[in-house]
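Below, chain A partners chain B and then partners chain C, in two separate complexes.
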Partner chain A sequence: MIPYTVERRADTGVTNVTLGIWLFLASEVMLFGALFSAYALLRTAAPAWPSGRDVLDLRFALANTVVLLALGWFVWRARTAAPPAGTRRRLWPAAALGLAFLVVKSLEYRGEITAGLVPATSTFLATYFVLTGLHALHVAAGIVANLWVVAGAGRVPPAMTLGRTAALSLYWMFVDVVWIVMLVLLYLS
Partner chain B sequence: MTRLTNLTSLTRATSPARCASVHPVGERPPARRRRTAVRIAALAVALPAFVPAAAFACPICFQAEENAVTDGVQVAVVVLVAITAAVLAGCATFLVRFLRRSAALDEVPPDTNRAPRTGALDHVAGAAPGPVPR
Partner chain C sequence: MRIFSTDHKVVGLQYGVTSLLFLAAGFSLILLVRWHHAWPTTPVPLVGGLLGDANASGGILLPEFYNQLGGMHGTIMVFLAVVPLAAGAFGNYLIPLMIGAPDMAFPRLNALSYWLYLLAGLVMLTGFVLPGGAASTGWTSYPPLAVIATAGQTAWLLGLFVLILSSMVGAINTIVTILQLRAPGLTMMRLPFFVWTQLVTAFLLLLAFPPLQAAAVLQLMDRLGGTSFFLPSGLVVSGRALDVAGGGSPILWQHLFWFLAHPEVYVLILPALGIVAEVIANATRKPLWGYRAMVGATLFMGFMSFLVWAHHMFLTGMGPTMSAFFQVTTMIISIPSVVILSSLLLSLWGGSIRFTVPAMFALAFLPMFGIGGLTGLPLGLAASDIPLHDTNYVVGHFHYVVAPGTLFALFAGIYYWFPKVTGRRLHDGLGRVHFWLSLVGMNGIFLPMLIQGLAGVNRRLYDAGRTYAAFQGLEGTFVLQAWAAGLLAVAQLVFVANFLWSLRRGARVSDNPWEATTLEWQTTSPPPAENFVTLPVVRRGPYDYSPPGGPADFQPQGQP
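Up next, the complex of A and B:
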């Protein structure tokens, strides 16, 4: 069995968990990068491209931006919290905020679909649903990860919980950054 | 006199005999090897500039009519190349850092008096470091 280590490696300068999450995030950047590249192609090639402000409801997007930033703040604070109580105290609200994001997103989708704004309506809406849908899946995965860390906080040693929390905070920072980019590209331009 | 001593030590340090003892004949010093590798890489990157006709032969839009689609393809290619380059630059930076740290670790003997850094535990007092059974 490969031993689970929590020390910072002398050669890489980081812990194995940190190295692993950075490699994972690099692959995620490539995934979203390919989609943003497709967005750039479709938008530039389209004879007409609607403004997100005219088609989408900006209030939902702004509310979700606040929710995600608050979530990121909670997870970031969990990095320095003493486990397990401190970790739980910060990751529970973060998971709840993630759920709130999904609820707001569902309400937004429902309003759009009711108004006949579905992916088949236009290329803009197709890219919008693909990008925001994939991002919402990442938020859902982050909630699961939050709950997993909270559940394991009492069972595993504090060092392991701190390593997991550090990886989780990097993941949520990535999800926040992707959302900000999407806010600018889809809603504000 | 001091200057003369320094010069003498410099001459001794860079004498062929000493260099040969550090780097055997036929083997280049690591810094020189690195410089050569960087020069070859730079030349490979700059090569398309010397053969523009071949470099412009993009299979997607070569000789294609200039329209919105070709513009879109170009923008998409630039976006994807920029993102890929950023990710690869991050990987390369890490690898360079990794090599430097490895080289430094090879040179410095291990300090047994220093407590090991625990990474995840650096900011938390009282948390026990050490390997954790899975």
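Up next, the complex of A and C:
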């Protein structure tokens, strides 16, 4: 068996899963960091850059902010919940909220596309669609991860479920933080 | 052996076989180019008729196909052959064995990383059957050219996206394995140098690749979504204004690309340095000279490699302040390479060297990598880079680093660890033939490139620059390169024959035929499932060769 999947290693102080998720998030920081850098470079070089408030509908974004923060709260609570029942009680609503986020986002996209606001229209909209699109993919992946942890909660030892839930909550925190940054850069500035 | 295994040894071998096949493919593509540059009006022999009239009219390469060959050669060699062989194959197979672990930390993710890598490679290769052929804008895929290129470029970008997922999963696995699964007593400063290089390599892959993934998404959007991330306003293609919003920046791609691709250089070289260190310590029967300095230099090199990327871009008009910064960092990053190379050279001092085949490849690596490194210095300074930029000198420089450099180290590794994997030794005589022919062939190809470049011959030209004054008098060097490439191909056939023959007929050897100290030799050859029958406990550093007063000239790490 692989050691330190559940118990912490004494000299590093972490389990394999904890270290793995932090490394994964480091790589994610580089991914979104590059995209935000590209955003900054394109925006500073542009002769004119629209204000997000004039182009986009802030109501969708605020609704989705509430949804994501609620989702984060559920996942955070799942860290200390007793598996499997407690884990399920918190991760199911979280997955449902993730789905709600995607539904709201799709409605927002549909409105924009029917209004003729597509990625090819301007560099601002291109940046908007790529950033929010990649973020939405992360939400979708997070829902799958939620369901995977829920499905495994009945089968694997409780300590392993707790490890997975802790990793999952870190991931959702990251997704929330990226969303807040995008809210400021795309909708409010 | 199951195909969908999660055993790190199976995954490592899958990486190894696949990347060696890609290596052969990448080499075959460039053999056509070598022929074409030497004898542009003579049909390519043997295979010229098989390429199809759309690619090679009457056996003579057409310009469009020539561009695909160059672009896919670089892509295959860097992304699909050398890095997967160095990090995927050697890393996967050896790291758990060298640190006394039963497997990688996440075995299922490990298998996933291999299958994603295979998928990525196949997606990239589908370009050859798409209309317009494979990606043809070079492995760097600079826009605007790459954005307006044919469908093969889309396959390239999709493949790259999947490949980066694969490398991220693999890198996380490597780091967690090394930090978490070390056997009792195996402190960080007792790790074999090879494991250190793999650790730093994994950090580079983890942190440098995502920006290229972001860039690949943006270029895909430019190609498929009609956006203009990399397309400036007012772009004219074939005499017609391009119908896009504009306002993008082609330089942005270069920044994102080289932010990956310079650390990638160290991804290419660090595992090679690790292999060479293991082989040299074993062949000299001495502890490595300056192990701690080498570890420090490796960490420093990994860190600095994130701060030098724009030295590939001196010609983009970045201004003296920026170029001064990148020139300074570039000069600084040469120091850790020199520390490691000097330590390896000094390790030879006073040793009674066993000139085995792996030792010969490892010893040849030292001067070859030295030439590669030293020829890079003029490219790191803007004043001398400006005339040398985009000439064959650059091609010669980085090939010295990667071909007789990294590849020789990888061959050293294959000869050295083949007995561990199979329980048999590769044939010694054939190995020596392979070595000497390769050494002559490699230098016959790349030394002329340095001369051509200094004369002013530009790289990537379909006619090798025949119409320019700089080319005159250099035709013979291209003919020499073609002969040398043929010799190199013959040498590799010797290797393939040796490899296949030795799998079945090679001399059987003991579990520790090289009398080595590190943990992978303290188990059977091939190792059992979960690697060790009893968990090893480590009691000393990795290179306890010739301990004074000991019974043998080596003391294994796990021996009481």
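Note that the second predicted complex is superposed on the first by the 185 of 189 C-alpha atoms of A that agree within 3 Å, B and C clash if a C-alpha of one lies under 4 Å from a C-alpha of the other, contacts with A are read in each partner's own complex, and residues count from 1 in each chain.
Please note the rule applied: contacts are C-beta pairs under 8 Å (C-beta built on N, C-alpha and C of every residue); 3 or more make two chains touch, one makes a residue touch a chain.
Remember, predicted model here, so these are calculated numbers, not experimental data.
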Partner chain in contact with A:V103 - chain B first, chain C second, else both or neither: neither
Which of chain B and chain C A:A120 touches, first, second, both or neither: second
Contacts of A:P158 with chain B and chain C, given as first, second, both or neither: first
Which superposed partner A:G20 touches (first chain B, second chain C, both, neither): second
Chain B versus chain C as contact partner of A:V184, first or second or both or neither: neither
Touching partner for A:Y4 - first (chain B), second (chain C), both, neither: both
Contacts of A:V130 with chain B and chain C, given as first, second, both or neither: second
First, second, both or neither for A:L31, with chain B first and chain C second: second
First (chain B), second (chain C), both or neither touched by A:A40: first
Those residues of chain A which chain B touches in one complex and chain C touches in the other: 1, 3-4, 12, 14-15, 26, 30, 33-34, 38, 41-42, 45-47
Touching residues (chain side chain A, partner chain C) in the complex: 1-4, 9, 12, 14-16, 19-20, 23-24, 26-28, 30-35, 38, 41-42, 45-47, 118-123, 126-127, 129-130, 134
Of chain C, residues touching chain A in the complex: 101-103, 105-107, 168, 171-173, 175-176, 179-181, 206-211, 213-215, 217-218, 221, 225-229, 244-245, 247-249, 252, 255-256, 259
Interface residues, chain B side, partner chain A - complex: 68-69, 71-73, 75-77, 79-80, 83-84, 86-87, 90-91, 94, 97-98, 101-102, 105, 116-124, 127-134
Chain A to chain B touching residues, read off their complex: 1, 3-8, 10-15, 17-18, 22, 26, 29-30, 33-34, 36-38, 40-47, 79-80, 82-83, 156-160, 162-163, 166
